[in-house]
Structures are given as structure tokens and as C-alpha cells.
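Quick one: the structure is below, and I'll ask about it shortly.
Order of writing sets the labels: A, B, C, D, E and F. Residues in every chain begin at 1.
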Amino acid sequence: MKIGILVNEGPYNHQASDTALNFCKAALAKGHTIWRVFFYYDGVLNAAPRAEPPTDDRNLFKQWGELAEKHGVDLVVCVAAGLRRGIREGDTAPGFRISGLGQLIEAGIQCDRLVTFGD
Amino acid sequence: MLHTVNKSPFEKNALESCLSHAVEGASILLIEDGVYAALGGTSTAARMAEAAKRFKVFVLGPDLAARGMDAGRLVEGVGIVDYEGFVDLVAEHPTSQAWL
Amino acid sequence: MDEMESGVVKKFMFVNRKAPYGTIYALEVLEMVLISAAFDQDVHLAFVDDGVFQLKKGQDTKALGQKNFSPTYRALDGYDIEKLYVEAESMAERGLTEADLLVPVEVLSRADMGALMNEMDVVLTA
Amino acid sequence: MLHTVNKSPFEKNALESCLSHAVEGASILLIEDGVYAALGGTSTAARMAEAAKRFKVFVLGPDLAARGMDAGRLVEGVGIVDYEGFVDLVAEHPTSQAWL
Amino acid sequence: MDEMESGVVKKFMFVNRKAPYGTIYALEVLEMVLISAAFDQDVHLAFVDDGVFQLKKGQDTKALGQKNFSPTYRALDGYDIEKLYVEAESMAERGLTEADLLVPVEVLSRADMGALMNEMDVVLTA
Amino acid sequence: MKIGILVNEGPYNHQASDTALNFCKAALAKGHTIWRVFFYYDGVLNAAPRAEPPTDDRNLFKQWGELAEKHGVDLVVCVAAGLRRGIREGDTAPGFRISGLGQLIEAGIQCDRLVTFGD
């Protein structure tokens, strides 16, 4: 099944990013396709390029990047929401790309399911 | 329809709003701080026990464990799923709606 | 913005449950809604719970220094987005009547709003 | 003590928790989405009217105006302040406590 | 961390009203509390509303992939932070008793908690 | 009067940053001192150096910087909370500096008042 994901909150402050990651990993393990993950509102902060979480804690930025690298998951950060919060084209954590909100609507149209994680 | 609720019923109105909009027979999955609504012996437990008769109610096990709650404390009629079960619920229902 | 040419038309609903200004959700949902207009989908906007406050007439943000985005709701029909639903019980609990709203809407009971949500293909909330 | 509340009483328990902890005679300032608690004719208005007898209750005018609400809609006994009045309230009370 | 040598001792209270893991507040408040220990102030921790869930025994975050920070509450007395107050009504509403808590605390009624808050010089909340 | 400020949330997503700024401006206009503003939790994101909000909206990053420049307000970003979220020493918006949580406790001790803005 083709699943699209919307992540509304940044990493760490809210659990949304953790839950979305755990959901994506489980869906991939079961043979589903994560067709796109769209990051909106503070969700764009998941693509922050210079974060360095404590070494005894999980690294959510890296986990998203691995999802893109190992499974080809398309990680899309909203350009407008990103500019408001300092996340810009050419300066994101590995695995993310910047594009417009149309990519979210397209995911809603193209995917069999769209699941939202937020606060 | 699969409804997800991630807020504590003691703190926010998300669960109450979900329960008052969901159509008879809908599925409701409690995740993150939403799992507290599944506990028995609380001021909201009667509301959840009644809801569990009209809806299929599930709670995300990993979120329950993280918060130190075990299955024995749940309101009757609430099922436990893991992340794979969450995925199955999404696959089984054409649409998901998040109550945030 | 690329128009979709797949011919698929889904029922989209944007559910607004939050008040404006205290958080950005109301504003950024509107940006989503405007973009969705380019995709020729069947777009619905629902205002329930504190979301009904988004449509309150007479918003004046000068002293706050924030942008007043409420006129955008009136511009939606220029984008062919005309299905705006407001929940009667949510308004009543908050002391609002239709006369308080800045744009024409369809008022639904909570039960009818729940039934409408249940018909959707894609539900986006914030 | 000056208590500030920035949450809608319809959405979160912040105001209720504040009211049940504040000591008789305390000051309460409603800001941001908290200003909705000051409105008359709502399902929470009676609670606020009663609170306004035990506490000094104020609402931040700029937040009220942004949300399209005018002074005529307020519960009796609630005063309006601007940002300068907010500063004065902070200065008048040795301690501020935010209910978030 | 510089120790303050001003000799001023204020009554600080850290008020915990949020559940753990759903948001980061519980964890980052703890980091604040640990730092405060270096300043020789009169530090109080209050657990009210969903904050009482922070002290629930048996937290196991392995399946979440998050760090279980609850053992830190037991380490607080090593930092001479010993004034932990939990609200009785908040526990009762949430079906908890003192036997559910992972650390010894003083249980206060809501009225007494309000009175204690009122005595503080600095109140930090999240 | 010496006033300390704690900002718990990032800009735009929550109103906390706006309200804190409006409060600080009013306090300064009335002759009070804003002794320090401490940014914690997602509040550290107020120091994001590469944000570019829409031109028809307010620029909160710039407004904080002006407070530092014109009134000498000490804007302190928590180092640990910042690292978790990608805000680092030497790479903040103008006017901010990075330091430890002790600076918040110190503000609590030194200031006549401490006011919190959050979500």
C-alpha cells in the first residue's frame, strides 16, 4: 500500500517525530511503501542541519536521513514554513529536499493513505 | 474511519471531541499522551468504558509501556497494538483522522 | 504550482480546531487550503471546537504586531473553495452566532459534522 | 501572586488548574488564547463570573482585539489592560506564575 | 557551573504539569532542576495535573527508542534536592496512589499546594 | 525594576515569542530593565540565523536583535537545548549568545521579577 505521512511538529519537543518514524519503520517492515513524508508547521525543523543531540539519546535527524537513504523515502520540507523557521534550500540535514505545499496535496491524491502526526 | 488521539484526556479536549464526532463502529487508536485515556480507575474511565461499547478502541503498547502502565490497568474492551498493529489499522481503514 | 492531471478527484477535508493567533495552525492551514485549489479536488473546510473563532468578525491585530489573515477566508470563493462548514454546538458553547462570522458558511450539527467527516477520503488536521 | 493563563478554557485545563490553586485575592491575567475565558455567554462564563469575585481578573486588550472580541462581551468584573498594564501587574506582584 | 556567591537564597519552585515523553518538558525541566542545585537556593518541585505521571514506577521506553529519564528523579537527593511535592487530587483523578510512585514524596492537598505556590519567590513552569 | 524573561517556544508556531517581545518593549518604555531573556525548550529557535519570514509579516528574529542592539538586552540561548535543535555557538541570529542553564537560575536570583512565556 502507498502511504503518505504528514509531520506537523519539530523533533524532541513533541513526540510526533518519534511516532512518525516508528510508524514508517513498521510500515516498511510490513512491505508497504512510504511514498512521501511531508514536513509542515514546526515539522520543518526535523531537517535542521546542524543539530547535535546528546550522545545518550536518539538522533532523529539521522534516523530520517537513514529512511531516505536505505528505503528511498521522499522527505519533503515545505519551503514557506521552512523560510519562516530558518530551514532553507541547500542547507538541510541529509535526505531532505525543499519543495512546495503542492507536494502534500499530491501525496493526498496519489497515496492510498495519508497519516498525520502532530501536537 | 481510523481516529488517532495523542492527547491526555485530563489536559485537552481532543479525545472528547473525537468521541463526539466519530461515527458508531469507528476505530479509535490512543497514542502518545492519549494512552492515559485507556486507564481504569481514573476520572475519565467511565467515559472510555462507555466509548469502548460504541467504538473499537485500541491503545499503542509502546506508549503505554514508556509511561509505566501495564495492560492490567486498562478499561475493559480496549485492545493493545504495537507499531505494526498501528500500520494494520491504517491499512484496514480507508481514511485516518488525527485529533491533535 | 503543477496542476494534477491524473483525473482523480478525492474528498479532502481541512479540519480547523484551533483558535487563531495563539498558534500558527489557523494561518498555515489556510496556506494549505489555497494550494489545494490548484488540484481540482473536492475541498471541504470544517470549523469545530476553537476553530470557530477563526471566523470571528472584526479581528484587529494592530496592537499585536501580527498580520490579520482573516480577510483570506472571504477570498476563498475566488479560488472555488466554497464548502465551509461550521459546527452549531461549537459556536453555541463559545457564545457565537452566525451573525458573528465574517463569511457565509453552512452550519451543521455536531452529528452531521461527524457524518460528513466520515465521508472524506483525506482528512488534514492541525 | 500574579497568575498568567494563555490557553483557551474550551481546549485545555490550564485555567481550571490555575483557579483551583490560586489563593483568594490573587490576580489572574488572561493572555493569548486565554482571553476567551473572559467572554460572557459561553459555557465557561459562569465559572469565570464566580472566579471574578474571588480573584482580581484581567484580560490583555490587544489579544482580545486580535480575536475580534470587544469589551462589551466580557464577563462582569473582568478588567482590560494593555502591555503596559501587564508590566504594571508584574511590578505590583512579587512573583508571577504562568499556567501553560 | 559557577556557584553563586551572592548569599541570596530564594524559594524556587519548578511546577510540573505535563506528562513525560509526549513532550520534552518533563525532561528539560529536570535538566533545569539539576543545574539549580549548584546555586544553593531553596528548591521545590511540584507535581500537579498530568505532571504526577512523571513519577510513575516502571517506565520502559525501549520500544519507543527514547531515553528513560525517570531514574533521575531518584538521583535528586544526591544533589540535595529533597522537596518533592505531589498533589493528592491530581493522583486520585488519574487512578494513582503513592505506591505507584518511583520516589518518596510529600503528598499535599490541592489547597495546600496552592498555598505553597503562593509562598515562592520564583516559579518556573513548562 | 530588574526583570528577567523566560521564553519557552519558538517563533511563529506559538504566540509566546510575540507576547514576550511586546512585554519587553512595554517594560523598557516604562523605564524598567530587561536584565536577561533566556531561551529554553523550543525557545532556542528564536535565534535561528537563516530565517526569512514573509515580507508582509513581522520578523521576530530581527525584533529580538533590535532589543539587544538598542537596549543592551542580554539574549541567552541554552546551549544544550540549542544543540538538540540545531542552534549552535557562533551561528545564531544577531544579538543572541549561547550559554548554560545556570544563566536562567542566575536571572531568577538576581532579578526582581521573572516572567515566563510558553505554550
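The criterion applied here is as follows: a residue touches a chain if its C-beta (ideal position, glycine included) is under 8 Å from a C-beta of that chain, and two chains touch if they have at least 3 such contacts.
What you see is a predicted model; the values in this text were computed from it and never measured.
With contact taken as defined at the outset, chain E and chain F are each touched by A, D. The chain with its CA mean position farthest from that of chain D is A. Per the C-alpha superposition, chain A sits rotated 180 degrees relative to chain F, a value rounded to a multiple of 5.
Comparing chain pairs C-F and C-D, the larger number of C-beta contacts belongs to C-D.
Farthest from chain F, judged by the mean position of CA atoms in each chain, is B. Chain B and chain F have CA centres that are 38 Å apart. Mean C-alpha position of chain D lies 26 Å from that of chain E. Once the centre of each chain is set as its mean CA position, chain D and chain F turn out to be 24 Å apart. Between the Cα centres of chain A and chain E there is a gap of 33 Å. Counting partner chains per residue, chain F shows two or more touched chains at residues 8, 12-13, 15, 22, 41, 80, 114, 116, 118-119.
Counting only residues that touch two or more partner chains, chain E has 21-24, 49, 64, 66, 122, 125-126. Touching two or more other chains at once are residues 6, 10-11, 13, 32-33, 62, 82-83, 94-96, 98, 100 of chain B. Across the whole structure, chains are in contact as follows: A-B, A-C, A-E, A-F, B-C, B-D, B-E, C-D, C-F, D-E, D-F, E-F.
Put simply, chain F touches chain A in their complex at residues 10-13, 41-42, 45, 48-54, 61, 80, 83-88, 91. Interface residues of chain E, counted against chain A in their complex, comprise 21-24, 64-67. Contact residues on chain E toward chain B in their complex (touch as defined above): 18-23, 49-50, 53, 56-64, 66, 68, 70, 92-95, 100. Residues 10-13 of chain D touch chain B in their complex. Chain A meets chain C in the complex at residues 6, 8, 40-41, 80-81, 100-102, 104-106, 108-110, 114, 116, 118.
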